[in-house]
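Here is the structure we will look at.
Chain IDs A, B, C, D, E and F follow the sequence of writing; residue 1 opens each chain.
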């Protein structure tokens, strides 16, 4: 019997999660639609004044992205936990961090990336300018992976607890606030003609940090949750 | 052995759900904190201009209330479904609608009522005027039960489906939009010195409608979902 | 801005490319999807039938 | 002259009937599209205020109207399926949903393109537009719920319940957003006396008819696939000419 | 059907014992899951005092049959009747006469065994006082654990809590899907006793199991699904 | 411990048979859940070719013991060692040598039996090709159902998919918690065979069950928790 290398373990886990996501295509779509819907609720609640909506837009889009990735995070480990797969993953004779990284990446590809791609349309609904939309997308492209990765820690810690979804948001949202602030800050900067590279490079740094540490932390959190 | 009357069945179910909620007090608190947090994210994302915040306030509060009751709805039937209690409820020799109504009421008491009580504090954060806060609370008092009841239909329909939480929002949010519009409309009316009774009485009518039909519809949805 | 100017100078092109072409493209995609689905379903049904027949033999 | 309607509500008879009807709908739809576009773009004059841009109306209005009616038709079929347990009605409902969603999408898209030159914005949050968007969400909810349930019978019944509740909501949405400041224009077509140029009117009705015929043809084709898929185990399917070959 | 004569006397008897006891009749039942026909043309009748085991290999449709009897699954064909009336028309009156115990225990982790039992009795329409509930739990071998949250109980103890419902309910028909799963030897014997008592009181039992179950002094009918 | 002499020859033997086989040693183990001491002072050793059944009534701590052996539960006292080294220090090297099968099947409803098996083999570090996977599933009596989503399988069939993992793994130590639950008679016999083969190849098995399990030609040790 052939032994698996770390890379092929990573690929295996990522592919498995993507295949599962494709089997439940509805899930992927609904996350997206949830995002669109939350964004559309605001004008309904706030009123149709374009000027105000334009100012709100980056904040609303970022908050919606935060919420929808929070919601889909609930599913990151819980299905595996309930059917016992997670037990088996903890008993795997390979690095749990690599395995966790595989799950994070596939989560982002399924729930973060589509949001980024959808942003231009929603930006237009809020009458945002083209450069603002561009910066917003770039920010989301750097920021949504961070949300997936930091969120994974929360998902691991709240595993098997009822009310996981809400508890998760409670734990993770505060950690994600810097991302929110840099992300919206960049858009506001570009709207007022300032340089955006400072904001974006800070987000890039956060992303690298998250890549380096979150898989390991999540793996530890999983071990704690399983006891 | 004494047979139970319909009223005492209603009370039994409601009490059971309240006891369970108290045993998992964290859940109740987290819903509340989620609400507070979503509301507080906006000033972070949008910027600190008081004028704009004041205008946004009712919309933001209502959207946050909508989202947090959406989130807690996922748990309305799912725990009972997973451990088989729901099966037993469907086999109960009494009216399923009454039983469902009991669950709805306790859900509202646990997740809707606290939001209403918390509103004044958050309203002050957004610099809302006292009468506006009063109308907002009244609107939420009439509106949150509708959210719980309409949401219960969605919760019943998405029972046991993966991605339940997000799918649920997709189904229920469009149905709740009228409530959102009337609720924020009332606050805007009072802010511009108009009469609010039209909005509020419309919401009252919706509430009566919901009380009359949703328990039955939810019961049917549960029967469909259990097949 | 440039889009605005271009739009006002070429209204018919704007309408055609933006609305009608998109609408008919959507129709075309829908037709393709429906036809494809029919093909796939027929294929599946045939496979099932063959499987049944070979079982009876 | 007693027609046995139940005969046509059985998939067995409906399947070949639909097969015969589809080409007719498709061809007449094609012809009407050609005629409608000809009248709309060649015969009808430019509008006094809107210039050429108004010509979007010939696709925008038909798709808006059809998207709304299709929802009601879909809900009615779904309700029939739920109450009388007729398989075909449920299949019709799920065949109509994607078409309805696409028409709603086209309505939004063409409306947005019309809005840019007219209002200077792709999108405004006014009553009409918002309710059309919500209609799209209702369609998507129906489709998503149906897709997430594997057992087709349960999927039919659950989605039917949702469609019914949703249809109660349609008028509520429509009226609840009514008093918002409305940019979108009101009804142009009136039963008595119309402000429209006669050629414009002709073009619009022709396009409306063409879209209807298209929608019917597509829905029938889709329902035939659904019938094949769901009834693949029954004998009459395996004896169909197209299956045998 | 030489039994029918005997049956009539049963039917008259039972009225005087504990409420009304009826018979379950299944005729020409067919059920399929997915594309797969599980069984068809299934007919049997169950009279008061009778017990029937549904047998069959894994996946032969035992669970599906029991769930069909409870009305969770709609049969493709055939009829299930209770005392001559189709159960679809009886609905809640039928549910009052039967109790179903499936793979899932229907107990709440946060509640104690005692609370669980009292609430589930309440759901089936019976008001149960604390004393009776405790004695039922003791009978099931849960002495000293009545007030612990069921979350901390072992697999078998949780099953016992679920089975205690049989003791506090006067339903005539017991529908049990693998009642012995996770139970140790002592508990299996206890279930045998309970069933024997229930049958002696003119109850009816229909069940599945992959383990041997001995019910003293009763003739066990069995139905094989293949 | 008159066996130790014999053991040594085993240890030398096994190197030539299929990889490295070690021994499991538990000394003075104590474990409590909540306030309740389940067991204490528990010591035993398991050598290649040996099988041990953990016995005990419901709630006596069988599951807890097995989960302690897997490292899910930290023992209050005592040590678990694998070939003389504490498993806490071995960590992943220990996991490579053992396989655990709990109450939960660890299979995904949406994936087919085949996909499930290949992925779970992958997780335990083994690359499994399709042919081998199919033949393992056939051996488990799932012929014709290899490509169905496991969601549509019955309770027992799902258990069989989980058990198929035993066939595609060369772990020395099998830790099985009620492997027979939900299995029909044929499947129980099959598990007996599999265990016998594994033991013959110098494997080790530690398991719990409330049903009788016959393993041909092997001496069954048993450990009672009370």
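By definition in this document, a contact is a pair of C-beta atoms (placed from the backbone, for glycine too) under 8 Å apart; a residue touches a chain by one contact, two chains touch by 3 or more.
Keep in mind that what you see is a predicted model, and the values were worked out from it rather than measured.
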item: Labels of chains that are neighbours to subunit A and to subunit C; value: D
item: Both-way neighbours, i.e. chains that touch subunit F and touch subunit C; value: none
item: Chain pair bearing the highest count of C-beta contacts; value: A-B
item: Rigid-body rotation angle, subunit B and subunit A, from Cα fit (steps of 5°); value: 180
item: Most widely separated chain from subunit F, with each centre as the mean of CA atoms; value: D
item: Chain copies touching (subunit E, subunit F) - same or different residues, decided at half shared; value: same
item: Inter-centroid spacing, subunit C versus subunit B (mean Cα positions, whole Å); value: 41
item: Mean-CA-position distance for subunit D and subunit A (Å); value: 36
item: Centre-of-Cα separation between subunit E and subunit D, whole angstrom; value: 50
item: Sequence positions of subunit C contacting 2 or more other chains; value: none
item: Multi-chain contact sites of subunit E, meaning residues that touch two or more partners; value: 74, 103
item: Subunit A, residues touching no fewer than two other chains; value: 24, 26-27, 30, 33, 37, 44, 47, 79
item: Complex contacts: residues of subunit F adjacent to subunit A; value: 70, 72-74, 92-93, 95-96, 98-100, 102-111, 115, 119-120, 122-128, 168, 170
item: Subunit B contact footprint on subunit A (complex, rising order); value: 24, 26-27, 30-31, 33-34, 37-38, 41-42, 44-47, 52, 55-56, 58-60, 62-63, 66-68, 71-72, 74-75, 79, 161-163, 165-167, 169-170, 173-174, 177, 180-181, 184, 188
item: Complex interface listing, subunit A residues touching subunit D; value: 24-27, 29-30, 33, 37, 40, 43-44, 47-48, 50, 53, 124-127
item: Contact set on subunit D toward subunit A in their complex; value: 112, 121-126, 130, 133, 137, 140, 144, 147-148, 180-181
item: Interfacial residue positions of subunit C with respect to subunit D in the complex; value: 7-8, 11-12, 14-15, 18-20, 22-23, 26-27, 30-31, 34-35, 37-38, 41-42, 44-46, 48-49, 52
